[in-house]
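Quick one: the structure is below, and I'll ask about it shortly.
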Amino acid sequence: MSRMHLLNQSNGQTFEGFCIIKGIAVRSNSKGNPYLDLVLADGEGEGVAKLWDYSRELHGEYNVEDIVKVRGSIVLWKDAEQLKIERIRHVAPGDPVDLSTLIPCAPFDPSWLYDQLFALADTFSDDDIRRLVQYIMKEHREQLLIYPAAVKLHHATRGGLLHHTWDIVELAKSVLKVYPQLDSDLVYAGAILHDIGKLTELEAGPLGLAGTYSMEGQLLGHINIGVSEVAQTADLLGIPKETAVLLEHMLLSHHGQPEYGSPRFPMFPEAEVLSQLDLMDSRLYEMFAALEGIRPGGFTERMWALDNRQLYQHQHGKNENKQE
Amino acid sequence: MSRMHLLNQSNGQTFEGFCIIKGIAVRSNSKGNPYLDLVLADGEGEGVAKLWDYSRELHGEYNVEDIVKVRGSIVLWKDAEQLKIERIRHVAPGDPVDLSTLIPCAPFDPSWLYDQLFALADTFSDDDIRRLVQYIMKEHREQLLIYPAAVKLHHATRGGLLHHTWDIVELAKSVLKVYPQLDSDLVYAGAILHDIGKLTELEAGPLGLAGTYSMEGQLLGHINIGVSEVAQTADLLGIPKETAVLLEHMLLSHHGQPEYGSPRFPMFPEAEVLSQLDLMDSRLYEMFAALEGIRPGGFTERMWALDNRQLYQHQHGKNENKQE
Amino acid sequence: MSRMHLLNQSNGQTFEGFCIIKGIAVRSNSKGNPYLDLVLADGEGEGVAKLWDYSRELHGEYNVEDIVKVRGSIVLWKDAEQLKIERIRHVAPGDPVDLSTLIPCAPFDPSWLYDQLFALADTFSDDDIRRLVQYIMKEHREQLLIYPAAVKLHHATRGGLLHHTWDIVELAKSVLKVYPQLDSDLVYAGAILHDIGKLTELEAGPLGLAGTYSMEGQLLGHINIGVSEVAQTADLLGIPKETAVLLEHMLLSHHGQPEYGSPRFPMFPEAEVLSQLDLMDSRLYEMFAALEGIRPGGFTERMWALDNRQLYQHQHGKNENKQE
Amino acid sequence: MSRMHLLNQSNGQTFEGFCIIKGIAVRSNSKGNPYLDLVLADGEGEGVAKLWDYSRELHGEYNVEDIVKVRGSIVLWKDAEQLKIERIRHVAPGDPVDLSTLIPCAPFDPSWLYDQLFALADTFSDDDIRRLVQYIMKEHREQLLIYPAAVKLHHATRGGLLHHTWDIVELAKSVLKVYPQLDSDLVYAGAILHDIGKLTELEAGPLGLAGTYSMEGQLLGHINIGVSEVAQTADLLGIPKETAVLLEHMLLSHHGQPEYGSPRFPMFPEAEVLSQLDLMDSRLYEMFAALEGIRPGGFTERMWALDNRQLYQHQHGKNENKQE
Amino acid sequence: MSRMHLLNQSNGQTFEGFCIIKGIAVRSNSKGNPYLDLVLADGEGEGVAKLWDYSRELHGEYNVEDIVKVRGSIVLWKDAEQLKIERIRHVAPGDPVDLSTLIPCAPFDPSWLYDQLFALADTFSDDDIRRLVQYIMKEHREQLLIYPAAVKLHHATRGGLLHHTWDIVELAKSVLKVYPQLDSDLVYAGAILHDIGKLTELEAGPLGLAGTYSMEGQLLGHINIGVSEVAQTADLLGIPKETAVLLEHMLLSHHGQPEYGSPRFPMFPEAEVLSQLDLMDSRLYEMFAALEGIRPGGFTERMWALDNRQLYQHQHGKNENKQE
Amino acid sequence: MSRMHLLNQSNGQTFEGFCIIKGIAVRSNSKGNPYLDLVLADGEGEGVAKLWDYSRELHGEYNVEDIVKVRGSIVLWKDAEQLKIERIRHVAPGDPVDLSTLIPCAPFDPSWLYDQLFALADTFSDDDIRRLVQYIMKEHREQLLIYPAAVKLHHATRGGLLHHTWDIVELAKSVLKVYPQLDSDLVYAGAILHDIGKLTELEAGPLGLAGTYSMEGQLLGHINIGVSEVAQTADLLGIPKETAVLLEHMLLSHHGQPEYGSPRFPMFPEAEVLSQLDLMDSRLYEMFAALEGIRPGGFTERMWALDNRQLYQHQHGKNENKQE
């Protein structure tokens, strides 16, 4: 874990600024006085902090994922930095806080992504598919604007689910050009809906970071939850059976094969395309994340989720690319 | 294929009785006169039949799976028996026809099985589960009374789905006795609902024999179809979420593992029991079917669906059992 | 590890009662005086104990698995309870000690189970099978009354092997009812004999807890050992070859498939039934053991031996069942 | 096999035009006179043909894959059309023959594809990669203009290898846009070189249709052959070791995993992209080929090479797409 | 099937000599007269033969695998040679018949092989192992002199089991030299005993050709049968337990892994050596058999039992080798 | 780790002799004075050493893998021995140092092995193969004399690669005798060349111990590197194509199957022999290494690389063998 942005900004002795509470407990010191034992974090790192002589009345109440403004000084404790807090308060309207410096965020504005995808649906030739997609998007607008695509930190960013969806839509463009026989409505609708079940499978807090899986998510999985939702919505909106079944199949098969969670292999080309692009985007995201911080010429550890391979950080074309 | 019951009953030269049309075509003979080219069948065998000088007005129209009464004589054509039909008509109300002699039927009366299972639900402690199970049973009553459990002939009998369900309920009784920690409502409800998606997955004719899979069946599979139906019905009836999810999970996991079509392994004991009893009943059914007709001391062919094993027809205890 | 029953019973400062020695060593303290360093245990927990100034003549000699009566006081050492022993002696005839409070025991009296199973063999139609089963049961009576079914603690209880056998016999009853074509002699005899090789494979102490595998067990496995014993006994008793081979095959195939240790798949229905019921009983035992101590609504850790699944502790029907 | 274009064009009784010899033998009729027994083909079908009273001096010599001009009449022989040839000659310069009507050809002009890809290499930032790619392209120019990508007919077209390469380059464009961290030189060079070993692995005739594998192809495979060629060429041209090894790895890993022929998984993102796009293009090509001729609403046979799945011919968006 | 040696020897019109009956039936011709319909064979081929006007009294009775002397003439029937038999009789003592010209035989004299192996046991350091091996060899001497190692024709020759055993002993010599830590007694004893269960598993006729598997062979397999026999014999001879278990383990594990029939992997080096040499010998035998008849530069068909590979008939060193 | 030979030789208080530097760092003590912090090692063990008041000018500079002569005394630090160095210098010509007591060495003199293998090539019938093998051997002479066969300590010894090669040649002798159809040139040449790519794949220091894999080794693997080198050398020397391809195939397939790194299964008998003997030698080496230090009657830990089996240290024949 790197050092917090908050401390890097500071003069090295005192600090003041915004951060997030990642862990919190009320404890007693050896004299029996209560204090707050905190883990604070921002977009660059984490740190341990103490608020001595804590009083609920005086300092207020705090929970995990709260954004707070803190002031204090840096002390050394057993060779490690510790933050001694002097002041703490909840973030308030009007505070000049930039969420993207506090938590990992997708590199696009979620509202913009949402609007782009909603507008894409407007261009569909098939009005049934448009109605279905836009209905579900509207139903889940609030969640979509913040939800990540996964629980584990390096996969998960605020707005990560929309970001992943958008990537697939972008990747699909070449494929639709090379294979004009493909039905673009199905490909785009499949892309937008394919992970919709994750909004139920994951339990994300207000910051858009998923801490855990829901009971429903564990017992049923996002694929099954998504298929059921599409089936039920199609029923509600009177979508023709064949159209609904095609989209349900695309969701059902988008992990590509049974051992990855799809009881059906993709059975028509548009389903195959969705499944492959989903893999392409998640695989490349993971690979670039794993290579972050590896020196040129170095290898990552063996990656269990990538068939135990080690990745190589080559230096080829790195200079040119940076100039782009 | 053995000889039809119809012919075995007859005097060897003429015949009269009920059978089913398994294949039918209108053709022309060398003189251009139309005739009906038929494959007729009953519970014991099949035969080729001809109705010469066929006239739709005179003889009526016929389709596959129609039950008919026929009269005619047996002729030899290229060393094989052929039925020359003189009279044919549709079965009529009041005809003394016993369906179980015409097609393979489950060895229990489907109405009795249906009533037994419906009554079993009455005994549930949990009223939500009772409502859900009985609602779905009522919705599908007509189909349940005839549907088979599979397409392939030797798995499939009229009423076979209810028969299979009933077996699981019976097998569960010992398990519930040995493991009183199990919730019997879940086990019995899971048994009754587990293959409900087959009513959509298979396309069975009015006789309860499934000729093929539906488009929805092929693209989604009976597991997924069943889960969606339970989810939608639970919504409709206001069943508590946890209860609904438990039952959906039991359907989802009842094939035991991903490579057999269940994206989730059974995650609580009742789901495990359902999955194991489903395997037990289908496996034993197949084994006894395969052993039928094998002489004592002989082996079946290698059975692809049973890990390529050959089954042995031992003679042990056969005499005593027959007396039981 | 929880706290010992012995301490929970006590007044919190001194204790007196029965327990088992799980670990023992003679050591010297800093002054060179010998002391006994012990791990004591009973059915609820374990604890570290010291007998200072140990003298073999005075206090006697002790080994692992000895049952002893101890008296002493509870002291704190580095924040943990330690038992300072003042008196220790071996259990004596007439001591009011209840073994089932000291070690995990099967929930049935092993003698009763043995008699039930022996009596079941009396009912066999086939006298050869009866002779074979009863001969082997008699040969191993002493071991059967105490042997566990496995090494690992949560699978293994005093009398656990008979308990597991009994469960299979009970589970078989529904199966024999649903499939009357099955030969009950074979099913019951297979159940009684299937794990007989474990008496050689495991090295269980006098308390019926298996500490380890024997050299023969590791190199040959209980399946092979059991098959050889049945073959040799059948030879001795003049059992017809076919009968002996059927039973040997049932033992050989009872793990269901090669990767689980059975070089043959079950090749007749009775062998299939035995294999499935063996899996059913061991699987459910493990599942309920894993769920013990999980709060309602919680999940277990991933279980490696169960295909890495997590189990869910649902709350359904828990109240009603307790009343049964 | 459909009817030849040659016959469909004709007046039904006589024909005249160009076709290819797919099978040829000199035989004798019952009187001992020699005749040519031919299988002729063009882009639409095949037919059996006879040239009676064949004389090498008079009619010339012919081999499989020769393009010929034939004239003759259509006769019926055992209910099938047979071509009675009156005149035959080799194609001659200036003949108005369009190769694409005679054999399956890629839907792009191979020269144009070659020039496009060669020009693409001109844009590389890295001059070493440019030199390597263009050297190998020049070395194999003649073969590249005609070689197919595979042996089996429906995968293989004249110029198919360049067509497949071109598709991958096109598909890569979106990927490079979504992931600007990728080095485009490596991706494009990998695409152009990845199947270069097929020019040695396959034995293609002058028409660009591969009849079989070479001995070297069978014993080493196109992946290994290609890697060796890149290694040797890099040596010759003095390409830096790291650059050469990166490209060799991309060839080595482009089948994605050991069981598909790649002893290494892709170990950097550009290699992963190449491997996934290669799969995407070959998979979609096969799927559309399999769906050709399936009626709307129908399913293909189970496809062994696609994990035994059946493909569904949906009707969605078919009308709109045709208008594009 | 090639032409029989019997016919190749003859003058082309009549023949006289020894052969084996591979198929036999008594039939009636169109006039109702009985005749013998035979398939005769010798080491080079098979042929169809007829003995018209067959009379049991006159010609004697014959069964499959009987060796007979026949005389007759060659006639053509539907373009194929048929043997018209004039005289037939059973082989008689003193007949100059060479069995190795009639059936496939191992290229060593079985008696010599048996004596070599028996003498090898005499050299063992461990007298227990010597006693065990020689006891079992003596018990089965008659069978060992003729038994094949497998059912399928091209694996199976008269004396093939001893031949295979001998090869392993020969192959072991280098291994024992390179690894002097190995115990040669165990390696040689394991080699001699490893397939002893095949004498029960296979049902070989008096000629040493196995037509089929026995019931015991199918239900238990030769590995299990062999282990049981070693266990029982060791008991009988009072062999020390450890010695017996080591040998039983070597038999149990000699197929190397569970999916090939060994429930245990080899767990000490001598067992590993046995398992690898068994594979080496059977694999090479199969490969050379498959390559027989393939032209230089050609490939065999895909071989299912060898992971679907095709074998290449290279020409390298073929000339030199022949001179050796 | 055992105690160093250096210390075992000494009088227990002071020591003097040769060893190798395995780890080295210059550090400062609490007063700021520099000292050398060393890990020293010899063939029997490792130890921590300190050279206080280190001065580069006075004591010289040292690196990992340097051989040094040291003198000093043994002190106790936190219950462990530490070496206090008084004198240190680099090994000098004429020093009586025996490398084989300092590092694990193959039990044969590498020069002798090299000469034996080179002389073996002189006996080849095929002069092309001889030229190719001897050319490559000469090219790599310096490396071959020291290179190990693997990175991990217990597989890797100075000269280990030649040792492994020699074992295979020795093992091949019996195989060539049992199967005279094999071409011995191919088998021996394959043995000598099969791991030649390891000289590039591994980065071994001057002592012949491989610390790590090279970048080329990780991205391409020794199989591919070796095949490319053989291809390139064959080109250079004008070796006939077929000969070169046969040898390349033997290298390519010597790991036996795709999941072990060979994209082709062995496709002719000589390639199969090489692959099996390579497995035999590496497997037995690993097994004996794992059994080292296991008491008679004991088992090793489960060995992940050997399918998780545990090995048994039997006592059979151990006495006799030692006398040999």
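Residue numbering begins at 1 within each chain, and the chains themselves are lettered A, B, C, D, E and F in the order written.
To be clear about the criterion, a residue touches a chain if its C-beta (ideal position, glycine included) is under 8 Å from a C-beta of that chain, and two chains touch if they have at least 3 such contacts.
Since we're looking at a predicted model, the values are computed, not measured.
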item	value
Neighbouring chains shared between chain A and chain F, ordered by label	C, D
Copies chain D and chain F touch via same or different residues, half shared test	same
Matching chain pair for B-C (criterion: over half of the contact pairs shared, by residue number), options E-F, D-E or B-D	E-F
Centre-of-Cα separation between chain E and chain C, whole angstrom	48
Whole-Å gap between the CA centroids of chain B and chain F	66
Set of chain F residues in contact with two or more other chains	215, 218-219, 242, 246, 264, 267, 310, 312
Chains that touch, pairwise	A-B, A-C, A-D, A-F, B-C, B-D, B-E, C-E, C-F, D-E, D-F, E-F
Chain B-facing residues of chain A, complex	215-216, 218-221, 223-224, 227-228, 231-232, 235, 241-242, 245-246, 248-249, 252, 258-259, 261-264, 267
Residue ranges of chain A touching chain C (in the complex, touch as defined)	215, 218-219
Of chain E, residues touching chain D in the complex	297, 299, 310, 312
Touching residues on chain E, where the partner in the complex is chain F	125-126, 167, 170-175, 177-186, 242-243, 246, 257, 264-269, 272-273, 276, 279-281, 283-284, 287-288, 291, 306-307, 309-318, 320-321, 324
